[in-house]
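The letters A, B, C and D name the chains in turn, as written, and every chain counts its residues from 1.
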Amino acid sequence: MYLKKINKNFKKFREILLLNSLNNFLTIILVFAIFITFLQTFNWLIVNSKWTAVTTNIPLFVFGTFPEDQRWRPFIWIMSLLTICFLSIVPPKWKWLRKNLLIAWIGMIPLGIFLLYGGFGIQTVMSRNFGGLTLTILLTVCSSMFALPIGIGLAFCRQSSLFVVKKLSSIYIDSMRAVPLIAVLFFGQLLIPLFLPLGLEIDSVWRAIFAFTLFVSAYIAEDIRGGLQAIPHTQIESAKSLGLNHLQIIRFILIPQSLRIALPALTNQVIGLFQNTSLMSILGLVELLGIGRSILANPKFIGQYIEVYIWLASVYWIICTLLALMAKYLEKRLKIA
Amino acid sequence: MMRYKRFFLQLIIILLFIGLVGILINNLIINLIRTDLGFNFYWLLKPASFALSEHALPFSPSDSYAWALLIGWINSLKVILFSLIFSTILGIIIGLSRTSKNILIKKISSFYITFIRQTPLLLQLMFWYFVGFLGLKNKFINFSNILKINTQGIEFFGLSLTPEFSALFIGLSVFTSAFIGEVIRGGIISVEKGQWESFRSLGLSERDGLIKVIIPQALPAIIPGLTSQYLNLAKNSTLAIAIGYSDIYAINDTIINQTGRAIECFIILLLTFLILNLSITNLMEKINKLINKKQIYIN
Amino acid sequence: MNTIIKVKNISKSYSRGLLALDNVSLKVNQGKVLVIMGPSGSGKSTLIRTFNGLETFDAGEIEILGIKINQNYNERRIQKIRKRVGMVFQQFNLFPHLCILDNITLAPLNVQKRSRVEAEEYGMYLLSQMGISMHAEKYPSQLSGGEQQRVAIARTLALKPELLLFDEPTSALDPERINEVLDVMRKLAQDGMTMVVVTHEINFAKEVSDQILFMDSGKVIETSTPDIFFSNAKHERSRKFLNQLDK
Amino acid sequence: MHKLLSGIAFLSLLISGCSSSYQKDTSRLDLIKKRGELICGVSGQIAGFSFLDNDGKYKGLDVDICKAFAAGIVGDAKKLQYRPLTATERFTAIKTGEIDVLSRNTTFTLSRDSTGGNGLSFAPIVFYDSQGIMVKKESNIKNIQDLKNKSICVGSGTTTEQNINDVFESKAIPYNPIKYQDASQVSASYLQGRCSAMTSDRSQLASARSGFPNPAGHIILEDVLSKEPLSPASDGTDNKLADALRWIIFTLITAEEKGITKENIDEKVKLAKNNPQLKSLRRFLGVDGGLGEKIGLRNDFTINVIKATGNYGEIYERNLGENSDVTLSRNSNKLYINGGLHFSPPFN
């Protein structure tokens, strides 16, 4: 009896893992490889790794060179971003809050700018002192929030019946998608100042946001266009027959529906943007990866590459996974709606 | 009436656009004069006076900047081509693994995809280079002179690759393969369930069914996704600069540093990438057409 | 008696030279119900869609509620018509991203600029008339086809239209759901609503309509009262069609 | 090819002709004063010169020079913003006005100084350096000849890269340059065995070596590849700013010469005020002569500068001297009276 049960369980196990001889072989090799990797990693973690570069610099990783006594400001901002993310995933019962969530999201930008730059009673801090995770988040949030409306606009322009509008936006979108991001960022950091009149200066963080916005909006435009093409034509017809005019159809029918359809693609854009802010470390901003590189340049921590990279990778991974989970949840909710 | 209105609207937009571009160019010219930078391409013919460790064609520092750019361009193409092939192979394996029935394989491949996609490529490249290759130290892998991997790079059947190239090549391939894997999986999923059932009921083996029934039908859905991943791969190859590989962007960077010709170098960079993009897109379109033609015959 | 629809000799051809509408004329008076019948591809849908400007035509003239439109597309006039004419589609065409009540109040709020309280009150009243007020907070995808179509009717009624157009309102529904929609339409007819209905429902046409228009290949073959049409159709083509439907 | 190039050049000339009515603006010096803040470009990656310390503040010789500039121009060393720059960015950043002054291990060369080249203007040299090569002791490399066909790690786009090329080419020694953007990457990959040698300014080599796990295992070769005079730079079209920067550096050197330090500056000021016969000290500290105003600064700018950073010797000791992390002997960087190269023209 007992034996039979074991046999049955074993059979089940075999059914799952060992389907045929090729699979047998593969499974054994994989299990072996995983075992070796674990052993090696464990050995390294216990014996060889030195985490001083990470542990002594946590505040630097989060806030960069932001003045020490002012670090509560980026902290508050990041916390309020987290809160609003949470509220978007698990919407509260109060209807007024749910209705104003979009406004709250948009409000995050002025709030962040106020908290980081200061002014109006709190000490001003120049953007050159922004760094670490704070800067990474600032770049991501601002660029994506600016790129979304521009991307929507471009998508509609590309569908426009006016030849000139259509051509200009197509050229813009296609050429932006053809060039590498680093070239656009290079343009933002080094060349934009050459195109500005004398005396007009935009600081480097804003130039980076500008370059990211230019780049991402072209990609968002294509995602939205895909969403627009997926909306059945009958939706527009029924909106027309209700007497809605052109702008009202765009506002109440096309934009919300295309956003809903494009949501998975849009999340991928935001996740990609978040990761790509790391390119700014090549172009002289000390965001999360940049601060890691600066810390590695400190003679005290030389050679702790693996530890710093693993630490950075896990920070990026955790945040990106959270974003992805959030998007999945939203998608599920919107599917009914 | 309507047509006039539309015409004038477009005219106004064009004028506004030209005006904006004009203002920007005017600013640029003022700035170029003010900073004595000027604008010309004569410097392309001057000697580069920097050496390159990696060059497919002969190169010495007394060769011109233009020649250096060409070398950089060849280096870029080399890494793009290598990674393109390798990432496709890896991507197909990953994509098929995700549809596998073996739960272990399925889980590992899905973990691989999420992990690779959820960390920045730049960080991965640095990891491959500084930890992966340079961290090898004296412990190197040596399979009886066929494949050697150590701090000096990869040696494979006498073909030796520098660590910079190897790290970039592996980093790009691994990163892109995760995306290609998703594209392939998406393509396979897009084939109707009935097709699977029907080839199974015909007694075809799982592998034959996949190769002869499912994949040909999945291809039209796969090709566009694959094209955009190849384009991304080409664009991402510019991150070479972070790990010391002399690709087109890195050489542009060096030249800007030496000559201060940021605008001219930027224009060259943009043009080369437009050409590269167009050629990849055209090639993939031809492949697409070929496949579609074949499909018609099958049908 | 007021004439609501006056169609004079309209024609429409597709690019390949096929005629979608061939010299069609008709008239509908206030409070009357016109049913348009005909085999598929006969141009019934095209015809009804010209009434609120969803389709253009090449020649002739249409006068709806005293507003004339002709082959030159005139946005402003068509907009005027659409504000006073409701249309119900075969595929319901509810807005999937809005809840039921929002679907209904969208046009009253934004087209007629009514107050939210008033629009929502009236919307709830209409929903209760349709017997689906309990679904007000749900989304279209959570409702059955019959319920969705009733919402679609409520949505057009919310604008207090003077004319209702129905484009095969029951052909996408399960057979057991058809009657819940037809009942609503019967009630509307009894209340004196002017309606044009494209449908294959013979019983509905017999009971409710004041006039039947039979079309084939873009032409009006026959216009008669339901009594005559169903018992003793004038035209050979009509009789053939009815025979086929009976089978 | 030539025709195309000249065609483009002609076109650009044509366009530029249209906007020649452009006029030179006021000096950046006034802009800095109006802004009340100096923006200084630094590297942020080189120990001893400019690097990010644990407390999130930049430290080093280059950073102290920035402080001296801020103290001299704005009057407060804290009214200062740092902008970490890559080697590629640095000159464009000056040209576009992104930074006011560059204090980033920049070698003073003719082509960088000239209007036909990078169009910069260099302040006096703050550090006399020379380029060297560092190898591992165990490698048994004794001189440049031994580096034949070996890999050498080098920072890209720097004079270092050009110098090593010039030297090796002239001696017809083939070699393999591996280029990196960051100085820290150069030393990391050298340390991990990618290259047999690394080349950089000798000061940087020493600074890098100080951080290595086994500093004694690395030697810097005797061969000197080039002179590397490092000096701060500003926009070459702005003489007024360049003058101010120049004399702030000279202030640091003169202060060391006169024995004025951060500690005794107040005494010295008192001394100068009370003793009319100390003419040169009075002029230097701005009691007499109104020298500061002549270069667009306050007359007592020297006092602010010394109070902020101390004299040149103090700056050197703090960042590179015996008690610092780097420990680099002063050699050429002594004052001329002590056999070094630092010399300041008189404050007259």
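The rule is simple: a residue touches a chain if its C-beta (ideal position, glycine included) is under 8 Å from a C-beta of that chain, and two chains touch if they have at least 3 such contacts.
Computed from a prediction, not measured in an experiment: that's the story for all the values here.
Engineer: Going by the touch criterion stated earlier, list every chain that contacts subunit A and also contacts subunit B.
Structural biologist: Expected: D.
Engineer: If we define chain centres by averaging CA atoms, which chain lands farthest from subunit C? Would you check?
Structural biologist: Relative to subunit C, the chain whose C-alpha centre sits farthest away is D.
Engineer: Please identify the chain lying most centrally, where each chain is represented by the average of its Cα atoms.
Structural biologist: A
Engineer: For subunit A and subunit C, let me know how many angstrom lie between their CA-based centres, rounded off.
Structural biologist: Spacing between the chain centres: roughly 48 Å.
Engineer: Please work out the Cα centroid separation of subunit A and subunit D, and write it as a whole number of Å.
Structural biologist: 38
Engineer: Which whole number of Å gives the spacing of the CA centres of subunit C and subunit D?
Structural biologist: A distance of 82 Å separates the two centres.
Engineer: Just give me the whole-number Å value for how far the CA centre of subunit B lies from that of subunit C.
Structural biologist: Computed value for the inter-centroid distance: 55 Å.
Engineer: Do you know which subunit B residues sit against two or more other chains?
Structural biologist: 30-32, 34, 130, 135, 241-242, 256, 262 - these are the residues of subunit B that touch more than one other chain.
Engineer: So which stretches of subunit D touch two or more other chains?
Structural biologist: 88, 92, 96, 181, 188, in rising order.
Engineer: Could you list the positions in subunit C whose residues touch two or more of the other chains?
Structural biologist: As it turns out, subunit C has no residue touching two or more other chains.
Engineer: Would you mind giving me the full set of chain pairs in touch?
Structural biologist: So the chains that touch one another pair up as A-B, A-C, A-D, B-D.
Engineer: What residues of subunit D sit close enough to touch subunit B in their complex?
Structural biologist: 4-5, 8-9, 12, 15-16, 18-20, 22, 24, 87-88, 91-92, 95-96, 115-119, 151, 156-158, 161-162, 165-166, 168-169, 175-181, 185, 188-189, 192-194, 235-237
Engineer: Given the complex with subunit D, which residues does subunit A contribute to the contact?
Structural biologist: 56-57, 59-60, 63-66, 68, 126, 128-129, 189-190, 193-194, 198-199, 201, 204, 282-284, 286, 291, 293-300, 302-303, 305
Engineer: Across the complex, what residues on subunit A touch subunit C?
Structural biologist: 234-235, 237-245, 248, 252-253, 256-257, 260, 334-337
Engineer: Where on subunit B is subunit D touching in the complex?
Structural biologist: On the subunit B side, the touching residues are 25-26, 29-42, 44, 49-53, 60-62, 130, 133-135, 137, 151-152, 163-164, 241-244, 246, 250, 253-254, 256-258, 260, 262.
Engineer: Given the complex with subunit A, which residues does subunit B contribute to the contact?
Structural biologist: Against subunit A, the touching part of subunit B is residues 6, 9-10, 13-14, 17, 24, 27-28, 30-32, 34, 101-105, 108, 114-115, 117-124, 126-127, 130-131, 135, 231, 235-239, 241-242, 249, 256, 262-263, 266, 269-270, 273-274, 277-278.
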